[in-house]
Amino acid sequence: MCGIAGIFNHPEASNLAYLCLHALQHRGQESAGIVSSDGVRLHTFKAMGLVGDNIREETIEKLPGASAVGHVRYSTTGTSEIKNAQPFVINFSGGSLAIAHNGNLTNAGILRKELEASGAIFQSSMDTEVIMHLIARSSKKELIDKIMEACSRILGAYSLVFLSQDQMIVVRDPKGFRPLVLGKIGQSYIAASETCALDLIDAQFEREVEPGEFLVINAHGTRSLKPFASGATKSAQCIFEYIYFAKPDSHIFGRGVYEMRKGFGKQLAREEPVDADVVIPIPDSGVPAAIGYSEETKIPFQMGLIRSHYVGRTFIEPSPSIRHFGVKLKLNVVRDVLKGKKVVVIDDSIVRGTTCMKIVKMLREKGGAKEVHLRISSPPIKWPCFYGIDTPTRQELVAAQKNVEEIRKFIGADSLRFLSEKGLRWFKMQNPSEEFCDACFTGNYTVDLPDSPEIADYASSLQKFST
Amino acid sequence: MCGIAGIFNHPEASNLAYLCLHALQHRGQESAGIVSSDGVRLHTFKAMGLVGDNIREETIEKLPGASAVGHVRYSTTGTSEIKNAQPFVINFSGGSLAIAHNGNLTNAGILRKELEASGAIFQSSMDTEVIMHLIARSSKKELIDKIMEACSRILGAYSLVFLSQDQMIVVRDPKGFRPLVLGKIGQSYIAASETCALDLIDAQFEREVEPGEFLVINAHGTRSLKPFASGATKSAQCIFEYIYFAKPDSHIFGRGVYEMRKGFGKQLAREEPVDADVVIPIPDSGVPAAIGYSEETKIPFQMGLIRSHYVGRTFIEPSPSIRHFGVKLKLNVVRDVLKGKKVVVIDDSIVRGTTCMKIVKMLREKGGAKEVHLRISSPPIKWPCFYGIDTPTRQELVAAQKNVEEIRKFIGADSLRFLSEKGLRWFKMQNPSEEFCDACFTGNYTVDLPDSPEIADYASSLQKFST
Amino acid sequence: MCGIAGIFNHPEASNLAYLCLHALQHRGQESAGIVSSDGVRLHTFKAMGLVGDNIREETIEKLPGASAVGHVRYSTTGTSEIKNAQPFVINFSGGSLAIAHNGNLTNAGILRKELEASGAIFQSSMDTEVIMHLIARSSKKELIDKIMEACSRILGAYSLVFLSQDQMIVVRDPKGFRPLVLGKIGQSYIAASETCALDLIDAQFEREVEPGEFLVINAHGTRSLKPFASGATKSAQCIFEYIYFAKPDSHIFGRGVYEMRKGFGKQLAREEPVDADVVIPIPDSGVPAAIGYSEETKIPFQMGLIRSHYVGRTFIEPSPSIRHFGVKLKLNVVRDVLKGKKVVVIDDSIVRGTTCMKIVKMLREKGGAKEVHLRISSPPIKWPCFYGIDTPTRQELVAAQKNVEEIRKFIGADSLRFLSEKGLRWFKMQNPSEEFCDACFTGNYTVDLPDSPEIADYASSLQKFST
Amino acid sequence: MCGIAGIFNHPEASNLAYLCLHALQHRGQESAGIVSSDGVRLHTFKAMGLVGDNIREETIEKLPGASAVGHVRYSTTGTSEIKNAQPFVINFSGGSLAIAHNGNLTNAGILRKELEASGAIFQSSMDTEVIMHLIARSSKKELIDKIMEACSRILGAYSLVFLSQDQMIVVRDPKGFRPLVLGKIGQSYIAASETCALDLIDAQFEREVEPGEFLVINAHGTRSLKPFASGATKSAQCIFEYIYFAKPDSHIFGRGVYEMRKGFGKQLAREEPVDADVVIPIPDSGVPAAIGYSEETKIPFQMGLIRSHYVGRTFIEPSPSIRHFGVKLKLNVVRDVLKGKKVVVIDDSIVRGTTCMKIVKMLREKGGAKEVHLRISSPPIKWPCFYGIDTPTRQELVAAQKNVEEIRKFIGADSLRFLSEKGLRWFKMQNPSEEFCDACFTGNYTVDLPDSPEIADYASSLQKFST
């Protein structure tokens, strides 16, 4: 996962890009970067780590100009290196060009081999670089045409902001996997992954960039192009953005994230009530769903787990006698809330299940809970995501390996329930035409996976079977 | 404010001290330090900044030995310098000695002048150094006697952990201003400011160190001394630890902090109800009181403000057109929760009032709240603290300068109410013999202030008047 | 200018590369880098600054494998950036490849435009990158054939060491502008710019790499290829390496540098004697020529100027009243040697003349010299170098703008004499078949300058005229 | 050893102090520090490492005011820590005071125990701190009187510069072990260890500070006090400053260092001539003596060893097969100068002998020298220095353990000769009344050694015996 932002035509462009990245920090903590244009040259700053730790006043001073593009990158399983940090900048026959990419291509491996065979030199291991080589090799004259030609070759999820010396080009893939919104401050344009970035800089929300849209912003104004056939742009917005990834104060895909999460919690309460004394969230991601669950069941909501604000970036492992350690650095129990109580614990999702296991143990042993009932405000995650969420392989996904009862035993809860796949769509009644990607729950991959033929075959055989 | 921890007789002493400091990080973010003893020499590490950013595995390796003392320091108004970081270590005729101090002395200035006049050289501007000079100059033979002699000269608030080559000495001032608890892991002793530190390292809570107690811990076991006359040790525990400072998952002064805060919220609801649609906290410190207020009033609790986890340490000021900036980096509104609603906002206290003002504005302008009713779960802070809380001067304390209605206007709320001084003591019904220091609300300074004669005189004249 | 080194088949390859770079530090202080191969992967380290400041034991540990290539880079006039540091590494269809380059191409600009037009993306502004793109686009099968094809396209000066996963390829351009020597330690091969690098690691000097030679070193042994027609490889070794650039303890181009410099000094004495009391060098580069001048004239040699060992990398400019400042940080006079004396000062060359001017002033004003006679052990530098020496433009070269008498006045010496162009070749009597490049003195550019057509035309018109 | 500098009444005081330290860098590379006074407060900067690496423009900006004192410290055998860096600053009843000390006290240990027994707390392990405690405890009123009282208690070598808010006090011990000179720039006063510091900043040399002199410099002008009885101030200037320590371009103790060294070389030639082909120095310290030896014997002088300018601060040890490593990083042979020759090698002194041994081996094996005759321009060092030169113990001093023939064998030279003790005084004919300390050669310790009773007894018993 990543967060992206672009600013066009503002005297403090790189400063605003910095603030947007700050607001989008939850979308990626591995690296942060900003490229600005002063109309003649692009200026670049990239660093490993957090925005607030690395970008300083003197950094901003070295990023002059009225337009800028920024990027925060999530730590993925591969080696994390500065050369994989974005925005990625190239010099080519068309001048200088920067790109910030949120999403993941599903045919980058095949395209890369093809490009290398004809002499291309790659600097990084990012799929994003493939897009840049396709642009550099395009025989089209205009930059926007080069970009559209390049995008006609790629598959998968891509929300993109390009910055050249004199224009910003904003792109969202035809399925619209990742969010991308547009805002304005006076005559300045802002593109950002989520509305929380617009809020921080007092920008006015304009609209979402549409799936399949190419938006050219330059001195002559804005121009919107939609080169894909309309069939190609049937929407596949990522429902996991609502469940976990996006910030609760953002609006994306047309709805407020906080209300969606609370709604999942209410629906979960309707589907899976339980007789209990107290509802507690796993903070902070479980809070809205827990409030919803409490509202629906009338079981009192309490903060039975307190989250530390100071989870450091370096962990020193203590003696083995100190168990469940990673979780303890982050969370501690409030014994007065839990002691002798039947406790409903709400979390947004289960990936590997190990953290949940440690928390349940802690609630019992240190908190003194009498019963622990775990309720998850989304269905079991059984399939890896190829569209930009950093989920582990099927081997590591506990719900791909165990059924619900086996997971319950593994975690040690008195009961465990997930939101149903149907319940996940409670909000669809309001607008049945929308389409969401739920491949992580269903294996229903809506865009082909040429780089991963085996899993694609397996998932599709199961799909056929289930149909 | 500061956090302190001591470990005696554990093979991973400095690692445990590091973890305790991590758990106590909320008590001080300016500097962090650990001193360990290998039985022969003391080993020191100190750095400006956070525990997790500065203390690494290699740091711990350079702090060998079975005992250790640690300290985190709060940013005060003076220049913050590494030489004022603790633990403070001296070499003197009695060998090497480290001290970690939480609290503030009220006669350090007078003692310092006296010591300097007879040739003492000071390394820092800390009041703590005065204690060390008194110890170095004591004619007593034993270290504990030197320490008791030194403490007989000082006034004010002091929870102390001393570490020499072969013993740990734990001290709490006769009034017991600051918390200090004692725990055990097998045969190892742990002293820490709050129980949350014990929880993180799986230590068993034993008891609180008593006001006026001197506890000597060495290879021969533990010895408790109480040299002060019992009249001198009438307790003056800091009620502000309950209101704001301590971590909600801690137990101090015999009670759970979370339950105390929720209780202040409930009492506030009884005293100052209001007709409204939603109760929201200013996160995170206002959360327990808001839950209490909601429980008592039945007005639904929601997270109408979302706190960022990534508030960086460096702020770059944007253009003046971007208003209320510092607050926005930390908090954003959830518009769906607030729009068109009558909102009760719960905060724990008001110091300068400027942050509240910005939040109220944000709730209206960005959140669309129809009415904003501010409820504070403690009385107005009118007096500076001389016992270790870093409150500003009377000039900067808004409640020392304005009455409640004037503050309401300044902040821009539709209504503003504080918990009453009497309401603050709701819990006293359970145990009327306890005594708390509430000087920040009342000006009733229970320990003399020789270094600050003017404010002492003024407060005492008002006290007489009010009596 | 740059220094390069390659090690093949030694268990401490990267350590030896580090030591070679240390010995070659005088050839470049801007950046240093090492790439090692463990047979499977290349490992890279590059940093701005000196070898000894940046490469540490832990750096070497992260550069595993039995082969390595290293590079030190000289500060040139352009922006100095880490992305222009070498060795330069690419990933392409043929795998991974590192290059270290000493020299300068004269048609890199033209080739770069051509490559960009067909879609190539450049990462740096180095001419070296052009070679890598030519290799990546070669349709040949074997790496050596790709490299030979690429080198058939480039013009100018290039001593190269390539490192792939399993072989080292060493190349010297057909004119042999820059030195490159070959050594052995047991069964390990070492390539280095100068013999001083071999001395430091106790390697046995084998021979010089020949102009136009391509040497492939791998597990099967070594293979030497000479693809250029013999007419193309008429030698144009850089005489300025003897005069100033190489280290005096090195042997390059078949001779010892110290003896060459002393010889220039003796020849200068024969051509331009003077009646004086003392001969002093400008240390350290002028020392051997001054010893030669003293031997020939019998005027006593003294160290009348003392050089500081600690010329820092950061200069803080003092008040304007402190004159001639940069020189003073580096040199100071020995008044007892100079006072009231007729002094002959020997330097190796004059570029801008400003440093000489400051030294002459210092010798008179602080040293008390009665007369200052400046003798330069090379002819006036009138032409920029396009083959790898970082000389300034003709506008900045004092000898391209002024005649000898005008330079003397500018510098303020009592007399000024240069070695004659003919005298520069005193040693040629021993071996008249050798050819040297003396374009900086004569404008006789032996390899075409397609990237610099104007200066090429001007120089060639003057050449015709002078013939 | 250390270097010290003080500036009084100059608008760029800390900048000039920085430049003086730069010029005195050869006197200490372990740490560097500057304290400035703006008339009200002292401002401090200290860092481990070189002046040029650590002090930058922004450092100077943070050291405001018209007076400053600076210090560079030599790496001694003990742990090198920032807390032992100077200038050392205290706050005491008399205000703030900084001290920079060159030299070593011989009764600091005894005084320290005495001070600690009466309650003093020490911050460092430096003898210098004892002086500050004596000052802080003095009952005198005026600072100069406190300083004179403190100095009446201490024994040994001390050149001192004190800086308070409003005055600079310059002190030299009654024996005058270490140099200290006085200069002026207009109405500004400069004190510095050597004249090379005055040269760099264009200051006019005024005079040496006299042994036993206390010089008070403030707004009222200068005042010179000489409190010691004249018998106490019989001079014991350190002859090793002439032999090795001072910079050759400096004048100290009334003579030029370069001429002294050349004179030692000439005298050595007169005492110990040898039939040889070439005279070479061990650069740079042996250069002047080698020039003297060559002048006297008419054997040609050559640079047969080339010194690297880039000896890094970090050494990575290579494989054991690479012998004599430390020396090779610094020196390499010029084979053309040495091959088949009888070589005289001149060095200034022999301490442990191990470096000489490596050089002799290198001259033979890599240089091809036929014979190597080592000539040392000072007598054998047999006794440790207690007055500020960092010589090793008698166990490590090769000349304390072996006779000349044994040393020759150890080093592997064909012959080895030292300058005689009498020859060392060749220059005394000019001024027989001067007295020098030559304890390192003779064991004749002119100031008592209360902290080192054993060696004092042993040396004095030998002295008696030899008389």
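Worth a mention:
The letters A, B, C and D name the chains in turn, as written, and every chain counts its residues from 1.
FYI, a residue touches a chain if its C-beta (ideal position, glycine included) is under 8 Å from a C-beta of that chain, and two chains touch if they have at least 3 such contacts.
Just so it is clear, the structure is predicted and the values come from calculations on it, not from any experiment.
Each chain's centre was taken as the mean of its CA atoms, and the one lying most distant from chain C is B. Between the Cα centres of chain A and chain C there is a gap of 52 Å.
Between chain A and chain B, the centres computed from C-alpha atoms are 37 Å apart.
Distance between chain A and chain D, defined via averaged C-alpha coordinates, is recorded as 64 Å. Arrangement of the chains shown, judged by which pairs touch: one closed cycle in which each chain has exactly two touching partners. Listed by label, the pairs of touching chains are A-B, A-C, B-D, C-D.
Listed in rising order, the residues of chain C touching chain D in the complex are 11-12, 15-16, 18-19, 22-23, 25-26, 29, 50-53, 55-57, 60, 196, 199-202, 247-249, 251, 256, 258-259, 284, 287-288, 291, 295, 300-303, 306-314, 316, 318-319, 321-323, 328-329, 332-337, 366. The touching residues of chain D, when paired with chain B in their complex, are 90-93, 116-123, 132-133, 136-138.
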